[in-house]
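Across the two complexes that follow, chain A remains constant while its partner is chain B and subsequently chain C.
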Partner chain A sequence: MVVRKYEDELQYLEKINSHCWRIKKGFQPNMNVEGVFYVNSTLEKLMLEELRNACRPGMAGGFLPGVKQIANVAALPGIVGRSVGLPDIHSGYGFAIGNMAAFDMDNPDSVVSPGGVGFDINCGVRLLRTNLFEKDVQPVKEQLAQSLFDHIPVGVGSKGIIPMNAKDLEEALEMGMDWSLREGYVWAEDKEHCEEYGRMLNADPSKVSMRAKKRGLPQLGTLGAGNHYAEIQVVDEIYDKWAASKMGIEEKGQVCVMIHSGSRGFGHQVATDALVQMEKAMKRDTIVTNDRQLACARIHSTEGQDYLKAMAAAANFAWVNRSSMTFLTRQAFAKQFNTSPDDLDMHVIYDVSHNIAKEEEHIVDGKPKRLLVHRKGSTRAFPPHHPLIPVDYQLTGQPVLIGGTMGTCSYVLTGTEKGMLETFGSTCHGAGRALSRAKSRRNIEYTDVLKKLESIGISIRVASPKLVMEEAPESYKNVTDVVDTCHAAGISKKAIKLRPIAVIKG
Partner chain B sequence: MSLKRKLTAIGYEGTINCDDENDFCKIIIWLERNRIKFYSNEDKKALDNVNASNWSTFYDKYAKDLECPMERNPPEACLDWYLGYAIKLEYIKNKNVYDKHSFENEKVENAPKVVPDNPLDALDFTSREFQEGVQKLANILKIPPHPSPLIMLEACTKIIQTRLNPKAIENPSEYIITGTPYPYKDMSLGFELKDREVDEAAKVLRLLFIQDQRDLQTKVNECIVAVQSITANPKTDTRLGKVGK
Partner chain C sequence: MCSKLHAWGDSLKEAFEQCGMAMFGYMTELDSVEIEDVHEIEATGDDLEGLLYHFLDELLFLFSCEPNIICKKVEIVTFDVDGAEMKIKCKCYGEEFLIGKHPQGTEVKAITYSAMQIIDDADKHEVYVIIDI
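Then we have the complex of A and B:
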């Protein structure tokens, strides 16, 4: 890392407009393209504060500040356009969480980096709607939260209640949501309303280690720990009446269920295995990066291809996982209200991935190009009429599901033309951490967190209450700031706001 | 917009504001005087006087005499019918000139003539009997008029096929389109053609395409459901569940 005074560092940063900053070349060594990040005045302070702290003497070590990480990504071989930081950006392994970067598939030097996807491969959010209203659910929300908690195992080391053997897992890894469909866990319409139709076609289970499969097998249909949750939410605000209506949301007070989960230990193992392989590939192909955590391999090398195939299998695992939890949620609701999920109109509004790398076509300098788009803590947000979004959303743009922090609120946005041009059709993914996990544990008492949730009328079921302060709203940036920034910058558009009435967590 | 085009085509030079009663009268009078010429000069006079308080009565009589199927409101649709009528008369007057450039005549030289064996093809589509028949059918189905009886017939066919087929009659609720109409005029087209009218047309094409896609997706879903009825067997076993720490 280049060591400069804070004031000198600022010379490389330029505010382009009220919501966008440019990171000039030279901020970090060997930058191939410029960086950019989106913030409002509040988030701007956090961002610059982080940089200022990192510039203080003796602050070396630990994660680099987000701006530095954006610039290091801009120095990777084959990157095109700009290295983009979304408003919820915070430091992560190699890539910051909330960083997207696209690499030219036709450039033989271009790389794929597991750090650009994250350890929780295809972590994502799914939103189910119901035809229930708050008044129907309020009286029974405790029972409903308990029922969800009983159906969906949560927490570190939890095991799912959908029986699976090794052969089932192999098939699920290859087929993604098609497996869930074949087995009858989900509805045909669910596939239609899922990014990539719930299946990465290039998945190859044979590229996945035995270890990953062993870790993954018992975990299917479990929520996991960390920031993952299932929430019963209520529509709090409708900003775009037409978009909401296309999603089947007509009125305030309508009840939805949000599931935020990923590929559990399976994805983590796939990423860990790949990092080892990639270090070898970097030595062989003499690929130089600014940060050791940015381990990568050429897209068309064996290591690159093996990672992409294994990553696709992990993505499929995550979709099967969210599908299984959809099934369990529908069961829980049907039991509670003594009717069928069909009659409750429990359709999937959409399912987004916010940790993934995908091949996409974009216009770069006026020409169509095949790119490998890395989105880590960043959600795809394609505009109206894009051929890869479901027919029902052709007029509104792709729904973008932004899960807030436990006990705050969540949003549904839609993709825009401007986002397609500026950020390769990408936007934020959530609130984004402000305090590290360790810091949160030191600063906040878990009993206070639980009490506070209770006082605002949110039922909570949690497997490990002692970790709950890591996920307290105080540990995160304000999701409303994040979403408003994306809206103001025009890279996505606000459609619906949701607030939780019951949470289940790991 | 198409009104303006048709007015220009037929040689009317005045302005048009559909909400203005006066413009409506002026156009009707101009059309009758210069293009339609249905009345003798005697009868024209009564209609000519825009300021007469009983103009509406004369108009109603005129509409009846001309067999105009349209109500006066909305004026756009009504004017459109008169314009279509006037254009048809113009066309018949100079049929030979226009037909020289028709699609069939342009092609005839290099294409062999196909002798139709379908008796429907032998129908005379220009006969008054055919036109009246189509008009009656359209009235029953409440289809807005179009100057070409063939296009009208096509519209009738579409309605009958989609909404009056045996299944639809048995279960009308499944075929009646529900949901909230989307304000397509406000939607973004995704590109610009620098001509508002072409943009509008492109939007309509978009919508038709989306409808086709929806039909296709529904069929795909039906296929999946059909397969599911053979393969699906979802199971749960709560004994396997384990809550973590």
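Then we have the complex of A and C:
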């Protein structure tokens, strides 16, 4: 890291408007393009404070501040456009979380970096609707929450309950949601409302290590722990009535279920394995980066291609995972209300991925180019009329599902043309961790956190109650700030706000 | 989200053992774990950082996959750090992780090299490791 005084560092940062800052070349060495980050005044303070803290003498180790990470990514070979920081940006491994970076696939120097995808490959969000209203669910809320908690395996050491053997896993890795469909766990129309239709075609299970498969097999169909959750939510506000109605959301009070989960230990192992391979390849191919954690490989090298194929398999794992939990959720609701999931209209509104790398076509300097877009803690947000979004959403734009932190609200947004141009069709993913100063302020007991949630009418089921403090809203940025910033910047548009009434966590 | 493990001992070998215990201590309350079984794991590395990383990774693997062992105690029986290829052989004492018997703690997703520090002085043997949780 270039260690200048804070005041000198600021010379490289320029506020473009009330929700956007520019990072000039030179902020970090070898920047090929500029950086940009989207923040409002509250989030801006957090970003700059993080930088100021890092400039103090004696600070070393751990992660770099977000602005520095954006700049280091801008120094990677083959990057085009700008290295983009979304409003929920916070420090991560190599790339910050909430960082989008796209690379020209026709440039032989361009790289692919597992740090730009994240360890939890295809961590994402799925939203189901129902035709139930809050008044229907309130009387049975506790039973329903318990039922979901009993159906969906959660927490450390939990194992999937959907029967699977090694051969099933191989097929699931290759086929993604097509496997779930074949096995009868999903409805055919679920695939339509999923990015990539729930299956990345370039997945190759043979590029995945035995170790990853061994870690993955028992975890298929489990929710996980940490910031993953399943929530029963109620529509709290509708900002865009027309877009909402296309998603089957007509009125406030309508009940939905949101599932936030990824590829579990499988994805982590794939990422870890790739980083080890790429560190060796970097020496061979003389790839130089500003940060050891930005381990990468030329896109068209063996290591690069192997990673993309394994990453696709991990993405498929996550879609099968969310699909299995969709199945279990539908079962739980159907049992509770003594009817069928069909009759409850429990359709998938959409399923988004916020840790993934995709080959996409975008306009760069007026010309169409094939890019490898890394979105780490960033969600794709394609505009109306884009060929890759479902027929149902051709006029509205792609739904973007933004999960809030425990006990806070979630949002559904839609993609915009402006976003397509400015951020290659990318937007935020959630709330994002705030600085660790928040941790020192946190003198609350876990019992207080649970009581507070109950007092605002949220039923909570947690596998490890003592750890809810780590997920308390105080540790995170405000998701409303994040979403409002994206809306103000025009890179995505608010459609619906949802509020949780039950939370299931690991 | 990440967490930093800090372990120390009268020797580097003990610091490594304590680090492994710290990791298991995150996943559950170690008081609830009985010693029913012993399993042996092996790890290698080109340097001390690589060795520590692979050692913890093997322990994580022992937990994540069959036989899903949560360890109450780990005992390094071979700690070979001289030479180009370093090696650890370790006996792990514990039992199969059972939801209901063992409280569910934090899930450890991965070991990282971030800010990893291994201090092996005459009077100080400490390790710092960041794990992804």
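What we mean here is this: the second predicted complex is superposed on the first by the 496 of 506 C-alpha atoms of A that agree within 3 Å, B and C clash if a C-alpha of one lies under 4 Å from a C-alpha of the other, contacts with A are read in each partner's own complex, and residues count from 1 in each chain.
Convention: a residue touches a chain if its C-beta (ideal position, glycine included) is under 8 Å from a C-beta of that chain, and two chains touch if they have at least 3 such contacts.
Values in this document were obtained by computation on a predicted structure and should not be read as measured data.
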| message | With both complexes overlaid on chain A, does A:119 touch chain B (first), chain C (second), both or neither? | response | second
| task | Please indicate which partner A:98 is in contact with in the superposed arrangement: first for chain B, second for chain C, both, or neither. | result | neither
| Now for A:211: first (chain B), second (chain C), both, or neither, which partner does it touch? | second
| task | Report for A:500: first if it touches chain B alone, second if chain C alone, otherwise both or neither. | result | neither
| message | With both complexes superposed on chain A, which partner does A:383 reach: first (chain B), second (chain C), both or neither? | response | first
| message | According to the stated criteria, A:77 is in contact with first (chain B), second (chain C), both, or neither; which is it? | response | neither
| request: Considering only the touch criterion stated at the top, classify A:415 as touching first (chain B), second (chain C), both, or neither. | output: neither
| query | With both structures placed on chain A, which of the two partners, chain B or chain C, ends up touching more residues of chain A? | reply | B
| Which partner does A:158 contact after superposing on A: first (chain B), second (chain C), both, neither? | both
| request: With the two complexes superposed on chain A, say which partner A:328 touches: chain B (first), chain C (second), both, or neither. | output: first
| request: Determine where on chain A the residues touched by chain B overlap those touched by chain C, and list them. | output: 155-158, 218, 225, 463-464, 506
| Inside the complex, what are the residues of chain B that reach chain A? | 180, 182-184, 187-190, 206, 210, 213-214, 217, 220-222, 224-225, 227-228, 231-238, 240-245
| message | Quick check on the complex: what are the chain A residues that touch chain B? | response | 149-150, 153-163, 181-185, 188-189, 191-192, 218, 222, 225, 242, 245-246, 327-328, 331, 383-385, 390-392, 394-395, 417, 463-464, 506
| remark: So, in the complex, the side of chain A touching chain C is made of residues 61-63, 93, 119-120, 155-158, 211, 214-215, 217-219, 224-227, 265, 268-269, 271-272, 292-293, 433, 463-464, 466-467, 470, 506
| What residues of chain C sit close enough to touch chain A in their complex? | 1, 27-28, 57, 61, 63-66, 68, 70, 97, 99, 102-110, 112-115, 117, 130, 132-133
